[in-house]
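Letters A, B, C and D name the chains as they come in the text, with residue numbers starting at 1 for each one.
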Amino acid sequence: MGLDQVLQTILFCLVLGSYYTLIASGFTLVFGISRIFNFAHGELYMFGGFFLYYLIGMWSVNYFVALIVCGLAVGVMGVVLERLFYRPVRTHINATFMVAVGLLLIMSNLALVLFGPLIKKVPSPFAGSIRVSPTVSLSWERVAVIVGCAIVMSALHLFINHTRQGVALRAVAQDPDTAALMGMSVDRFRALAFFAGSFLAGVAAAIVIPVFYVDPFVGGNVMLRAMVVVILGGLGSIPGAVAGGFALGFIDGLGLTFFGYPAYTLGWVIVIVLMLIRPMGLMGKELG
Amino acid sequence: MTPILRCEQITKHFGGLKVLEHIDLDVHAGEILALIGPNGAGKTTFFNVLTGYVRPTSGRVLFDGQDITGAPPDVIASLGMVRTFQAAIMFDKMTVGQSMLTAHHLGGRGSVWSALFNRPSYRQREAAIERASIELLEFMELGDMKDELVANLPHGRQRALGVAMAMATRPRLLLLDEPVTGMNPEELVVLMRQIHDLRDLKQQTIVIIEHHMAAVMEFSDRITVLNFGRKIAEGNPAEIGTNPDVIEAYLGAPVASAADDVPHA
Amino acid sequence: MTPMTRDRRARGHWRRQLGILALLVVLVAVPWVITDPYKISICTMILINVILACTLFPLLHAGMFTIAHAAFMAIGAYSSALLTLKAGLSFWLAFPIAGMVTAVVAALIGIPTLRTKGVFFLLITFGLNEVGRLVISSLNITGGAEGLGGIRRIDAIPVPGIGVIEFTSRAANYYFVLALAVLTIVVLVRLWRTAFGRAWQAIGQSEELAVSLGIPLARYKLSLFCLSCFFAGLTGSFFAHYYRFLSPADFTVWNSIYPLVYLQVGGLGSMLGPILGATILTGALEIFRAIEEYKPMTFGVLLVVVMLLAPDGLIGFPSRARVLWKGRRGMR
Amino acid sequence: MKGKRWTLSLVALLTLFLVVTSVAYAQTTEVLKVGVPNGYTGSGASSGLPTLKAYKIQADILKQHGGFTVGGKKYTLDLIQADDGYTAAGGRAAAEKLIFADKVRFFLGPLSSAAMMGMLPLVEENKIITMTNSITTEKFKTGCRYIFQVNPQGGLVLASQVMRIIQTNNVRKVAAFSPKDETGRQNWEQMKTGIKQVWEKEGADRVKIVHEEFGERGQSDYTPILAKLLATKPDFIILGAFAGEAPLIVKQSRELGYKGAFANPMSPDPKELAQVAGAQNVYEYYSWGIVWNDLPKIDIPAKHAGIYRKLTDKFGKEPLVEFYQRYKAAYNEDPPGAIVYMLDNLPLLVLALEQANSFDADKVVKTMESWDVWPSYYGTGVWSGDKTTYGIKHVATKSSPTFKQQGTKLISTGFVMPELVP
């Protein structure tokens, strides 16, 4: 393949990577603090998409305002899930898993009933595209995904490392028991984690959905990809989510380009092998 | 006579950390050997090396003159060296009775078919196992508790059950890792007495890690002292009690009173 | 069963035996009582799910939380279908072979993967199920994503004394799967109460302690995994010759998760749990098929409600209810 | 604790469901129950739910025009839905529920090939007349008595439009991208015959097939595949029945600099297409379907006037107009473009029942087979397919509206009549 196509490939690998990173970071954050696989994360993302659709498509709110509102709204949804459904069964690992499954079913079905089956398009504020080379171009909305990912991730980094709440979160993630001993209310931080994670899902939706579209079924695929990313990067590790996100971005991108659709297996195969030889993932730490 | 267990130059490093350094140790049939030393002396690691939970960096473990270095734990157990755990690791969802039956795993199970169709051979074996279990429980004074859920047992009784389960494997060498930690004095005396009886009545060879000096002094035939991964002394209780290095190791405190210190996690 | 374990079961032991007997009588009578073919095929579907849930029961107790059961069922289904279609084998030959093929594959997969524990094993099996589905849908011999059609129904078989049994009727298929269910459950329950069952339970509760007592982890985990998958394979074979059309869409991760849901909702306390769970939830799903759009939601609500009220499953509920009644917040 | 109060409300929700159920089961007299097995949950819903809506509208219209008569009794239709989950097992379960629990003898649908295959044995054993839209020759190879495939594109129509596009746009290189399921492959095969016709007419080197790709439905980023496909520099991309994904495919290939034409048999709602793909990207996009805001004048040849009246008597003077207005009134949205494919299922069944004057499956089948031409919402149709192609003459070939989309604007490119097909 020609140079321009190599460039093209690399470009959408980057876009894909950013996309995966965005959806996986929230998922892994929640897991890191609460040790819960919130399978409803994909559905939260989907709801975020619909919120964006109604905010912009219906009430034509300014995009950036809508983006924040999406994040907050979905964040609140996340807190509600934690408080009402996950917390009561916290001590039962299996039950938690089941509740996650149940919530996934309920939310996706709810969306189908509320929003209807047809796909909804959210107009992107970033029109047109830039020429990277005479033959290769990249639409601004895709550029926005890369840039958005960078911004969100650095913001998250600042939050985790340079705010009291963030540092505390990390402490809880590393060792809930000690944190509890030190008189931190682990419950409060689980709620916070769910808020932050879901907030990320909402923001991710607001950034990504305009490039594609939203319908009640987008959650599933998002979830599947997010899981691969999180395993690749290491469960509960934010830097891992970034690494894993871009890793999978390139695995999928290149795989699809060269082998077509069977390549979707590739990510899983790699993940399985990885877990057999290095269970903590690329950057993760062993679970307590 | 040849020792039942011989350790040659056992060394274990975790990264830079030298946990065990060139430990030589012999255990002779029918004796109770106490392994003592301050926290972090490497006693439990030593057990882990012996029973195959941890691979030694160097050195050999000979059991009955057979080199078992680095063999998997279940194999070592089947050869007859069985250990108990410092933390109370138990089959919490089982009853005491079930735990005992389970502990008799090495007693043999026969074929899947004989079990599946509950053949006479299998039934006899089960009956035998059960008799043995009850006998052991009686011995450890747990007989009346066999239908209790293990989780509901008081701590002391759980430790006793731990010993009973280890005994169920009919070990040639029993390794006890701080069996009496966290027990009140009465329980402690009872259990130590029972352990002693195991040796006297069942000719059970025992290596015991223990902090409780008084108990050690009273019940063990021989004592080996570890400090910072090194063997600093060995001998009968009297010798050890007066050994300056040992006293030094215990911060100059009179040995006999260095008792009841909190079990290290 | 030795006295030591019987003591605890003695209470209501005979009642239990009678209950089981009654249940069997009812199950056998079903096709005579219920003439509506639709209801019979629901019962068939329920039994399929019962088997799957029951084969997961020992796995979960031994600490193997697998989400690849549908994949193994698929292996059984496709191998049986292809053996009859391509190799022209009789179903009665293909059926056991399918089971064994599944068990062998389970062994090959289990040897490397069973070293992992807990969440990692869960995720690996999750991935395996995805891979399996994608492989099936990209192979040609399996008919790819379009699916594999034209599968024969279970071949007629002459039975001395009874005569030739045809499997054209729903009742016949129902009896077949009923027999399979009984076989599966009896084998699993029997083994569960033997020394082998004790070893598996021990591994589930503390691998460290189990191994210290001389129980070889790897061998025991693998054998149980293979046994469970063997039955999943047999079920798959029946599935293939009952529906007579296979497509990857029938073996998604969801098809692996649902049996787990049945098991969890029913409860892990005893083998009654998975049976109860599968029956109620499959039944419920069928009833709620009436309000099509809300079916998944209904299922989800059922699931969440049960988990919130009885995290240990329905059969654990009475005791739990007592706890709640006393005002102690078991949930917290 | 809050958790418990919440669960209580959930229980309430459940009971509500139960009520709904019982209501759903309530029946009136003199109605013929017709089963509508389709995907109502999961991604199948995106085509299943609109289809059901359309059938409901048609049933209402029929009711208004006095229903239909069998054995001197007036009948109206009661549509009973059943979710087939787009899978074989689901299809079988749905069929069993409809046949044995709801005692239904007639099906409209399904759309999913897998579901059709799943319910196939049942349908045949129980003589359930099934007016399906799933495209699959496989089941007809097994020679099914009771299944009629009412899709307009009995291959021929697709082929002829493809042929026309190649000729008018002077296409040289064709690339194909289809869903990796039977529907996708079928569509592509059928459209391929159009290319073959061009070869027969103008020689094999006139136009080349430079790339064939099969992909998953429901993905969001098709860029990798498209980049690979566009590397072969095609000037005509044939999409084998992508529905919701089509707009993205158009958008993403335009972003990659593709300027040529598209053809897609299962087109999404034009507005949707323009929205998602971006109006500026939608040009030279050909599809099969109706232009709702510019409904064609149906002119029926005199010889078929009588036949066509059978339809207008029951479904309105101008059936399309009537349907469109009712649909829009009922759901205040345009029906999806593809819905027009489904419009003939219900009328054909009704007409056959009335003419056979019986609910006996074999009689009804005979009646339907006896028609050498039958009325369609936009003209007339015939049963095509023979021993060699389908094994049985149960596959519709009928005039089909085609259009070309330019931005949001739809330009009707007229009907493709079976007569046009060589």
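We adopt the following convention: contacts are C-beta pairs under 8 Å (C-beta built on N, C-alpha and C of every residue); 3 or more make two chains touch, one makes a residue touch a chain.
Quantities reported herein were computed from a predicted structural model and do not represent experimental measurements.
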Groups of chains joined by contact, in the absence of subunit C: A, D | B
{"item": "Centre-most chain [mean C-alpha coordinates]", "value": "C"}
{"item": "Maximum centroid distance from subunit C, chain identifier (CA atoms)", "value": "B"}
{"item": "Chain centre separation in whole Å, for subunit D relative to subunit B (CA means)", "value": "75"}
{"item": "Gap in Å, rounded to a whole number, between the CA centres of subunit B and subunit A", "value": "50"}
{"item": "Distance from the mean Cα position of subunit D to that of subunit A, given in whole angstrom", "value": "36"}
{"item": "Shared interface positions of subunit A, touching two or more other chains", "value": "85, 88, 109, 112, 261, 264"}
{"item": "Residues within subunit C bordering two or more other chains", "value": "293-296, 301-302, 304, 308, 331-332"}
{"item": "Set of all touching chain pairs, with the criterion as stated earlier", "value": "A-C, A-D, B-C, C-D"}
{"item": "Subunit C-touching residues of subunit A, taken from the complex the two chains share", "value": "85, 88-89, 91-92, 94-95, 97-99, 101-106, 108-110, 112-113, 224, 227-228, 231, 235, 261-262, 264-265, 268-269, 271-272, 275-276, 279, 287"}
{"item": "Contacting residues of subunit C [partner subunit D, same complex]", "value": "36-39, 41, 45, 137, 144-147, 149-150, 239, 243-247, 249-250, 286-296, 298, 301-302, 304-305, 308-309, 329, 331-332"}
{"item": "Touch list for subunit C against partner subunit A, complex", "value": "60, 65, 112-113, 115-116, 118-120, 123-124, 126-128, 130-131, 134-135, 138, 257, 260-261, 264-265, 268, 293-297, 299-304, 307-308, 311-312, 331-332"}
{"item": "Residue ranges of subunit D in contact with subunit C within the complex", "value": "1, 3-4, 6-7, 10-11, 13-14, 17, 20-21, 24-25, 40-42, 45, 49, 81-83, 85-89, 92-94, 96-97, 99-101, 113-114, 117-118, 120-121, 138, 142, 180-182, 185"}
{"item": "Sites on subunit D touched by subunit A in the complex", "value": "1-3, 6, 41-43, 45-46, 48-50, 180, 213-216, 218-221, 223-225, 227-228, 231, 244, 247-248, 255-257, 268-269, 272, 275-276, 336"}
